[in-house]
Amino acid sequence: MRIVRLIARDELRLMLRNRVALIAFALILLLTGAAVASSWSHQRAIAERRARHQHAAERAFDAQPDRHPHRMVHYGHFLFRPLGPLAAFDPGVDAFTGNSMFLEGHRQNTANFGDVRQSSLLIRFGQLTPAFVLQIVAPLLLVFLGFGSLARETERGTLRLLMLQGASRRQLVAGKLLALGAVALAAAAPAMLGLLLIAGQPGALALPMLTIALGYGLYLGLWVVLILLVSAVVRRSRDALLVLVALWAVTSVLLPRAVPDLAGGAVPLRNRLQTEVAIARDLRRMGDSHDPDDPHFTRFRQALLDRHRVERVEDLPFNYKGLLALEGERLSAALFDLYAAQSFAAQARQNAMVDAAGLLSPAIALRGLSMAAAGTDFAAHRRFLEQAEAYRYALVQRLNRMQAEAVTYADDSATDAGADRRKRIGAAHWQALPDFRFVAPTGATLARAALPGLAMLGLWLVAASALLGWATRRLGAGR
Amino acid sequence: MSLPSSAPILIEDLTVAYGDQPVLDGLTLGVGAGRITALLGGNGAGKSTTLSTLLGFTRARSGRVAVCGIDPGAAPDAARRHIAYLPENVALYAHLSAVENADYLLALSDERHGRAAIVDALRAAGLQERAWDQRLAGFSKGMRQKVAIAVALLRAVPVLLLDEPTSGLDPRATADFNGLLSAVRERGTAVLMVTHDLLSAADVADEIAVLEAGRVAHRVAACGPERFDVRALHARFQVAA
Amino acid sequence: MTLWRHELRLLLRQRPSAFALVLLALLSVAAVATGMAEVARQRAAIAAIPAAQAEDIGAVADYVDRTKDAGSAAYYSFHPTWDAPAPLAFAALGMRDVAPYMLRVRALGLEAQIQDGDIFNPQIALAGRFDFAFVLVFLAPLFVIALFHDLVSGEREAGRQRTLDALPRGGAALWRRRTGLRLVLLWATLGLPFAVAALAEGVAFGVVLLVLGAILAYLLFWIALAALVGRLRWTSVANAATLAAAWLVLVLIVPTLGHVVIDRLVPVGQGAEIALAQREVVNHAWDIPRAATMRRFYAAHPEWSDSPPLGADFHYKWYLAFHQNGDEAVAPRARAYRAALERRDRAGRALGWLLPSVGVQALLTRLARTDLAAQLAYQDRIRAFHARLRSFYYDYVFHDRPFGRADFGRAPRFDDRAEARRQSTSRAIG
């Protein structure tokens, strides 16, 4: 162990003497600091703004005057997707999804106003976040600092000199691992410090944060092992650098972009226009409330009349129009759910293809893990969309029920001068409607979603370590 | 000693300085056609600078340098057309064969020779036939030098500059190389050879010049009354160095 | 000529350089192919619109034909618009994955419709597209680094530099020749797949030349940087590390920093606020005298004021009027929002003058009409089309003309080219 420590200290001393390495290291610390600060303030500004907008939308809803309930169905409601504190570490898809949604009767609107459509073209180059720095920049820094650690010794013949002095191959490699590992820890420290700051935020969950810390630790550890592996196998340090930079470019830049593109092409999504036309078609087949002779609604009316033993809808104990609205909404919402489920399933298939590519690129595995644990991945967005749709349906049906129960059929059908007044019900009704409360996932749910990525990184690390073990035994042999 | 101004290599009262540090200080040296001059001297005596100046890499501060009448400082490309230069460690392209390397170097010298001519030259330079189409990766220094000499032979240049040609060669290869140099001399080439190897120099050179502090301190001819005695020279040289 | 052949043989015999060139060629071909496939998918989606539209509007016609009510026709009829990809779009897909290229609109309030998006997987969009622009902007510099980092230092380290320098056609001319050869090879591996695809897609010859020029200029920038680093006479290892670090900074770090700075310096009011405000104005109409709504509408649009007065019954002209009032109430905000987006975009492009990576991306997406300007131009076309829709339906609704099945066929049809022409003439007039 003493020898290992000595070798590690020597290696670190060498890095400290390398001015370029020191500057690069200082730069990455600054960059992480900037990323933590800007990302954190950005997340807080967004979270605060959305909360403010949400509040304003709720106040506006509650402030609506006496109205016919169906007017409120079309007045609708605005929802703003809340942003969890961990988005300050990894905002994931937040900028790429709409963050506000208009809810109304018999329509399912898209989430609109995503940052990606409100930013300059620079957003497509990537976003400066702690996650970006650790995923993309830190490995390259480690490559620059570590590519020569073993190749240099082989190249200059100092390897044999060290071994003659009694250091074993294992000790040598362990010492170098220790040194580069220390650098990796130091490089990750500011981002982890940022994570700790975030932990102080209300709503921050311990389990996902531990998962993130573990995931990034595994990832940087993996790079340390990979760098030493290449440095041990490749004869010249220049070749080691080129191989490592190529490996980095392929796994961190090329594959994370090419694989999603392939997945997107392999599983096509039905576009909105075709979805809406298909839903309209299905709705016509199920029952057209506009058609007086529509079989579904004829049956529906007859069943109601039979149940209440009356002859005419006017004699029903409640407003038939409200019931019609309830039934119509039920039918259309079922179709919305069906088509949304199909689209979500297709998107999930695309994402599963990308996730599987984590076996080819540890950066892909880490990205999936990081977004999943931070609650900023596709699943998180889907969670919001599904809760929003559930809220929309409940809200609209509550309003439809008000129409059925609080407005009489006679008033609802009247067209005389005072009819408009009689159709309206009290504003207190709207104030009594519950507000949207996003049910955030539990820490365990988020951490569980990150497990596949964690497992893949673990696999990578085991495989790379085994290879390094093999390379260690062959180190300096036969040359 | 005075040389005809037609001598392929002519240096007169040459001064070269790096910054304030004079490296050559009034050097005068000439090599006639068909003659071999060995330039000896300790480290920093100015041997390499002499070659650099002849090749046009280093500009003279004062004095005159001429390669076949051309000032390499003013027209380096024109001067280099008359020079073949072998650095201490002849490094060629490891992933090309001997013939391909020669072909490439000839192209860079603005010359074209068919494979037959190249092979002839390689044979004349003493490279075994089975090595002609082998990649250079496994070649020894001696073999690489033979390729370079073959190129020089084909180019038929009047001036051959050699930097430590025999360092690192085993005695057998040194003898081979010296034999080759004699052949080059036969063709009328002026050869200037920078070396540490007095024995080898004495073996092949027509004249030996010993540099000290940027000028020629001793000059010994290989023929005539001054015909040198290696042992005496060795003693003197050691004192000088 | 033979010298070039010699240099070519020398380069291609080196396995790493040959491998790098083959890899870059494969990547260019793959990027061009995926770009073309994506554009073909988009064209197919646009081509599938008429059939879906015919079915959908047919059902509306069936319903409306019973009452001949023009207001219902206006309310229930969705009209498709689309933004067909430009010929060059395959090379730089730009924003076409996150901004819709098809949108259906009704003759109701436009502000509530025009910001709608299409369905896309955000996790796929997050990664960015693997298109030719990506290969050029992000990957090509790495290949320049691979081929150029040891151009001179490699010869020096191998001990060949002096030999080469001492040859009549060696020296500076040799480095120029080698630089030129590598440049031409890189240019060809990027430019040939691009040019073939561009000509197949029907890109104008001048635009192809312009892009080829941009490729050349971008390569030259990176080669110049490599040459500059090479002049420091460091080792090949140091050159490679320095250049890779420069790549990281110029292609990844500075653009992301620029994004943060531009976001701060050029604030964009939230578009959601426009939608909220428009909704308030529109829904408020139900709570004020209908005559007030009509007065406001006729004041702005006297051409419809000859319409008969409103009765006690619901009439669609009132409904349509307050929708248009709603749009007009937020028009200044919408314009300000748009202007802010353009300011942000301009700031991003301005960075392109300093950063070649951003500059090339901006140029390609501009030429390919896949940038924000193209998105906004599409929105303008939608607005122009929507205005035509309004006057078409208003003519029936405000004059109480019956709207029969045949009238559906008379509705304006979106034609993106005609709409673009109309736009440019109106701009020329205005």
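Read from first to last, the chains carry the letters A, B and C; within each, the first residue is number 1.
Criterion: a residue touches a chain if its C-beta (ideal position, glycine included) is under 8 Å from a C-beta of that chain, and two chains touch if they have at least 3 such contacts.
Just so it is clear, the structure is predicted and the values come from calculations on it, not from any experiment.
Student: Please categorise the chain-chain contact pattern as a line, ring, star, complete graph or other.
Tutor: line
Student: Could you quickly compare B-C and A-C and let me know which has more C-beta contacts?
Tutor: Between the two chain pairs, A-C has more contacting C-beta pairs.
Student: Express in whole angstrom the distance between the two chain centres, defined as the mean CA positions of subunit A and subunit B.
Tutor: Roughly 70 Å, centre to centre.
Student: Provide the C-alpha centroid distance between subunit B and subunit C, rounded to the nearest whole angstrom.
Tutor: One centre to the other, that is 65 Å.
Student: As a quick test, compute the distance in whole Å between the mean CA positions of subunit A and subunit C.
Tutor: Result: the chain centres lie 24 Å from each other.
Student: Along subunit A, where are the residues that touch subunit C in the complex?
Tutor: 20, 24, 31, 34, 38, 42, 49, 53, 56-57, 60, 64-65, 67, 71, 74-76, 78, 80, 92-93, 96-100, 102, 109-114, 116-128, 132, 136-137, 140, 144, 147-148, 237-238, 241-242, 245-246, 249, 253-254, 256-265, 268-277, 280-281, 284, 288, 290-291, 343, 347, 350-351, 354, 371, 377-378, 381, 415-417
Student: Please give the residue numbers of subunit C that touch subunit B in the complex, ascending.
Tutor: 2-3, 6, 9-10, 13-15, 158-160, 162-171, 174
Student: Within the complex, which stretch of subunit B touches subunit C?
Tutor: Answer in residue numbers: 55, 57, 76-77, 80-81, 83, 85-87, 89-93, 95-96, 100, 103-105, 107-110, 112, 148, 161.
Student: Any idea which subunit C residues touch subunit A in the complex?
Tutor: Touching subunit A from subunit C are residues 16, 27, 30, 34, 37-38, 41, 45, 48-49, 52-53, 55-56, 59, 63, 78, 80, 94-95, 98-100, 102-104, 112, 115-130, 134, 138-139, 142, 145-146, 150, 235-238, 240-242, 244-245, 248, 251-253, 255-260, 262-263, 268, 270-273, 275-276, 279-280, 283, 286-287, 312-314, 341, 344-345, 347-349, 351, 357-358, 361-362, 365, 371-372, 375.
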